[in-house]
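Should a chain be cited, it is by its letter among A, B, C, D and E, assigned in written order, with residues numbered from 1 in that chain.
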Amino acid sequence: MSDTPPVISFSGVDQVFTRDDRTTVTALKDLNFTVGRHEFVAVLGPSGCGKSTLLRLIAGLVFPTRGKVDIYGQQVVEPRDEIGIVFQRPTLLPWFNVLGNVTFPFRHKYGRVTEAEKARAHELLKLVDLEQFATSSIDQLSGGMQQRVAIARALLLDPDIMLMDEPFSALDALTRDEMSFELLRIWTERPKTVLFITHSIPEAVLLADRIIVMSPRPGAVREILDVPLPRPRSFDSLSDPRFNALANHIRSRLFARHAA
Amino acid sequence: MPSPTISAPASSPVMPPEAATAGPTPGQRARALGFRFAPALAFIGLLIVWEVGCRVFKVPTFLLPTPTMIIAGAREQSLSIWTVNLWATLRVALMGYMVSIVVAIPMAMALASSKLLARTLYPMIVVVHSMPIVAIAPIIVVTLGASDLPRVVITFLITFFPIVVTTTAGLLATPEELIELSRSLRADRAREMLNIRLPFALPYIFSALKISTTLSVVGAVVAEFVAAEHGLGYFIQFATSFFKINQSFAALILLVTISLAFFQFVGMLQRVFAPWSLPKSER
Amino acid sequence: AADKLTFMNDWLPGGDKALPFYAKQKGFFEAEGLDVTVQSARGSSEGITKIATGTADVGSGGLAALLQARAETGVPVSAVLGVFTVQPDAIFTAEGSGIDSLKGVEGKKVATATFTSSNVIWPLILQAEKIDPAKVTLLKVDPGALAPMLATGQVDATINWSTASPPFVKALAATGKKLKILPWSAAGFDGYGYSVFVSDKLIAEKPDVVRRFVKAYVAAAKAALKDPKDVAKTMKAVFPEMDEALVEEQFMTIVPLIENDITKAEGFGTLDKTRLAKTWEWTAKAQNTPLDKLDPEKVVNRSFLAK
Amino acid sequence: MPSPTISAPASSPVMPPEAATAGPTPGQRARALGFRFAPALAFIGLLIVWEVGCRVFKVPTFLLPTPTMIIAGAREQSLSIWTVNLWATLRVALMGYMVSIVVAIPMAMALASSKLLARTLYPMIVVVHSMPIVAIAPIIVVTLGASDLPRVVITFLITFFPIVVTTTAGLLATPEELIELSRSLRADRAREMLNIRLPFALPYIFSALKISTTLSVVGAVVAEFVAAEHGLGYFIQFATSFFKINQSFAALILLVTISLAFFQFVGMLQRVFAPWSLPKSER
Amino acid sequence: MSDTPPVISFSGVDQVFTRDDRTTVTALKDLNFTVGRHEFVAVLGPSGCGKSTLLRLIAGLVFPTRGKVDIYGQQVVEPRDEIGIVFQRPTLLPWFNVLGNVTFPFRHKYGRVTEAEKARAHELLKLVDLEQFATSSIDQLSGGMQQRVAIARALLLDPDIMLMDEPFSALDALTRDEMSFELLRIWTERPKTVLFITHSIPEAVLLADRIIVMSPRPGAVREILDVPLPRPRSFDSLSDPRFNALANHIRSRLFARHAA
């Protein structure tokens, strides 16, 4: 995929925030990397290293203090149409029920929700095991259920570029694995560029083509690793010796907090 | 207006355990009834205190008549006079209220979308609202004539302000994360306003709409002082100046009853059409 | 020590309400051993309520209002002096408007203040003049709007007290018109207007104070009528925000209501029995009150007016 | 009042990239200046339109005097007269405002804590607020005497209602999870109210406090129409009865200026003492 | 510890919620278990099985539809003093800065915060690696940082009974491990009864004395497992063969979704 132009590219990006007391926090420092077309890239890094900020830069929700972020070769100056996001918090609208939240992007972007979209929303709710809760109100869902609603919402939009910020963090191991494989299946059926933030090293290895490992604040790219496992991946991939080797390597990289 | 439900045991998980048995006990039922009729009881209690207090303390009746005298006063006028005056006031109050909503909410949206607009338009709104109606009444009457129009305009001037200020505050209080969701969907400002900020601001808006119910009635009454042939405010003033204090108080009570009904009606609208904008305990 | 009294004027201070201020400033009250505070009510009925409740001891206002108050609720207030012997109610119009008499308002647009006692009398005037009420368009508006409406020609005439004429003169002058006043007395509307009231409590407890007060008030009124310029000057001294010339103009509007053939014949302040009865008659008729509901004689107390 | 900062490039991460260069460009600086002085410019523009409009359309000056005439009118009275009247109104407005806050906020807390109370007290509050002041003025004046007190009470009656309604709405809108946090700490209702609900309700409360600024001035003026010997409202009525329309408008403008200043002052208080209760863009 | 009276005991507890449309959801079904004094119990179960509800029952924030929950032998009828909670969502107060949020329980319960408590709060902030952010406002923290603030808040209160609802879900692997060991250290130094909800099987095994495994909605206790690993536990525990055996056993139990 390296001969197609990069979908996402960071060149020398710094992100500095000013706090209320006027001191500054450097969230990201000199980020340089590209993500190719239909590539699945996972981002791993310590808490507070700037992963969510990185995602928001791509989404056009914040703009870099220095350097630039390009999508399809164009500098990001505003949110773009081809991007779908699963935020770190579910960010659901309390005035809609579950189904309303899943179909919300269509209502919001185009002012209408077609029957086909509704049917697809029901399918996705089945996929995230919430079909019984389609008419529930949001505050009657558990934390993990809310997160699954947010995932269904992003999947319904079926965007070219999917940005996911710890989408499975509130899910149990089984649901997590099931959802991972579902995500891979969808990604294979309808290829898209995915940037996937996670704290689970095995999850990153299982899902991604490449893994960006970040250093603690100020967040910088410590290492970008290719995942050598063949596609399609399945439960069997987990027992591939390369899987464990890579996972352990990352583990050691991440756990060496003060390494270069 | 739906009365708050006395919930069946299973329905409320926050109910303390002693309530979690089958069926309400007689004590609970009594308390539930007491709760239901509390407003009526309080009201009746107040009337009794009023009547007795006036008699015991020999309050001059030309200052504050007793409830029985007021009832007698109400009967001195025919029903048709009451309905004519009632309708005159109610009509103006409702029209002013509607116009206020129709003007104030888009105005609040404009104020919430543009800081420049907020900086220039907001002070002007404050200025308009703080002009004492009595001072500008001649201008209004001379320019608008003596129809319902000047009255509706005056009611509007009194009513619209809380809606603008509160709605603007609500639109701006929308959490950043919901705005980011909207922006990430590349929705334009208008949709952000309508689909995100406006629903979020509903608790604010409804509190303003409640305030404006009584203000609209007050506004209609003030307007009747400025230009009117009919209406309860007009009637009150007239009855007072001819020392028909009983009748004046009868009109006052009618007026206050309209306000209260109007207020409760808006509360009911919120419960029916936007229950999620209420705290759980109020739904 | 001087006896303290509170005088409740029926409206905001102005040339037409100058008498109590003049009496105070010029020492007429002091001479009688009275220390009088003058306050302003907002209308006769409010003033009467204040006297009735003891917020004030003495005051002034339309006699009709007191008669009405007594008929309705029996307020403990009595009239001791009748100051205006002619009713001030009138039609204001511009010269050349085609309205030359009260009858002339037929087919015209007339504006009146939303709340004025004149409105109740108006139907009786129409009746007396045999004017078809359907042929007169009556607009009830804020009193402040009357002069502008007349001046801008939005209405052909307004209903006002003749004491309100100075602003009208000015407003009409601004549009090149001249004010014309048609008093309602032409239609037989007779009776006492502005009168002096005293609370029954004061009469019962300190009749002497009342006597001295009346004496001082009458003396002040007579002095004031002789020197309107001094009245204006005195008012200006109390209320620096006033315009002396205007105060004088306003004062001049009440002069004919106080000094006229009736007063000349009967003397200042007397409450003549027939005129009093007439006042009540008009009031009762206007309110659809049975004439026998009140004996107007019981409302007045003529004993304090030294002959 | 701190003007919104035109932020230096690094400080605002939501600034679009073209702004993220070093130092503001001349164009930006012009825009920033325009933004800063927009209210003043709008105000001056309005004055000019007013003056010219009055002259061109020959608006009768006894109806609407031109700004220059109003200035001339203002000069007809001595400064001391203006200050005396100004202070009389301001004093009553401020006292009424303070009393409103002191009464309304605890009242809102009571309403938000007990449904029974809400059901009985709330209607009474609505009733009290919807009584036309003019109708009950005699009672107030007679019972409270001729000091500032009746005026403060009238101002209070007009001002307190938005604070009660809006604060109650805010207190009840507190998210369930914060209440659970409080309950899990076994904090009593009072602390829950003070430490959780009240801070959460601040955006609501401040919007009510803003509304009540102008209402308190309006209330003071209404009170002066009912009973006063001083004050700008009284002066307006007085000047109008003398047909000094210029002076009446001068007083009106003074009045409106107080309202505006008061309103802006409360906005500033919020920015200084409770910045987190404002949206980020307004801090 | 089985001879001391149970600190927490569930007897025949059902929890049924009524939804807006008046249908009911059985969140918990016939729960019976006890937690002993100073025991560390982990709860594992699929998303939406009622773990948070279970915690709220102990906290006295909801009351069972059937059965009863006792603490120290007394039925729970209101929140109790000896309980500290880390909620599933950080639940911070935006009007306090980080330090203010950590010390909030004291301010809220007793109306004052002593210097000693403040000093301890600073220590705990150091422990969760946020000492530089003591004066930051809440909305300037990343998701994981907010969660750490909530953890510090609960630790400062130093309660007898600590209820933790997925406290480490937003943390990266390293921070997670560090925090786990810190928690164990604190628990050893100042013993307390801990109920710890998690989705991480290794985490449960590493930390707990016993593990309650729950079945999917309606949540019931599927199995209660003793963790045979010796205390104190350390990184070495992870390589104990019993660790993996237990983890695999739980995994198989949880992953057999439709097992009895």
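One rule holds for everything that comes next: contacts are C-beta pairs under 8 Å (C-beta built on N, C-alpha and C of every residue); 3 or more make two chains touch, one makes a residue touch a chain.
The model shown is predicted, which means the values in this text are computed figures rather than measured ones.
K.L.:
Centre to centre, using CA atoms, which chain is the farthest one from chain E?
P.N.:
The chain lying farthest from chain E is C.
K.L.:
State the pair with the higher C-beta contact count; candidates are B-C and A-B.
P.N.:
Counting C-beta pairs in contact, B-C comes out ahead.
K.L.:
Measure off the straight-line distance from the CA centroid of chain B to the CA centroid of chain D, and report it in whole Å.
P.N.:
The mean C-alpha positions of chain B and chain D differ by 19 Å.
K.L.:
Please tell me the distance, in whole Å, between the geometric centres of chain D and chain E computed from their C-alpha atoms.
P.N.:
One centre to the other, that is 48 Å.
K.L.:
Just give me the whole-number Å value for how far the CA centre of chain C lies from that of chain D.
P.N.:
Each chain reduced to its C-alpha mean, chain C and chain D end up 40 Å apart.
K.L.:
Can you list every residue of chain D that touches 2 or more other chains, as numbers and ranges?
P.N.:
63, 138, 142, 176, 225, 237, 240
K.L.:
Send over the residues of chain E in touch with two or more other chains.
P.N.:
17, 61, 78, 89, 137 - these are the residues of chain E that touch more than one other chain.
K.L.:
Considering chain C alone, which of its residues make contact with at least two other chains?
P.N.:
In chain C, 49, 53, 144, 148, 152 touch at least two other chains.
K.L.:
Of all residues in chain D, which touch chain E in the complex?
P.N.:
Where chain D meets chain E, its residues are 177-178, 180-187, 191, 195-196, 199-200, 202, 274, 276-277.
K.L.:
What does chain C use to touch chain D in their complex?
P.N.:
Chain C reaches chain D through residues 12-14, 39-40, 42, 46, 49-50, 53, 55, 144, 147-148, 151-152, 166-167, 170-171, 174-175, 240-243, 246.
K.L.:
What residues of chain E sit close enough to touch chain D in their complex?
P.N.:
56, 59-61, 78-81, 83, 85, 87, 89, 91, 93-95, 104-105, 107-109, 111, 137
K.L.:
Residues of chain B touching chain C in their complex?
P.N.:
60-63, 134, 137-138, 141-142, 145-146, 224-229, 234, 237-238, 240-245
K.L.:
Give the list of chain A residues in touch with chain E in this complex.
P.N.:
Residues in contact with chain E: 17, 19-21, 25, 44-48, 51-52, 88-89, 135-137, 140-145, 148, 166, 169-177, 199-201, 251, 254-255, 257.
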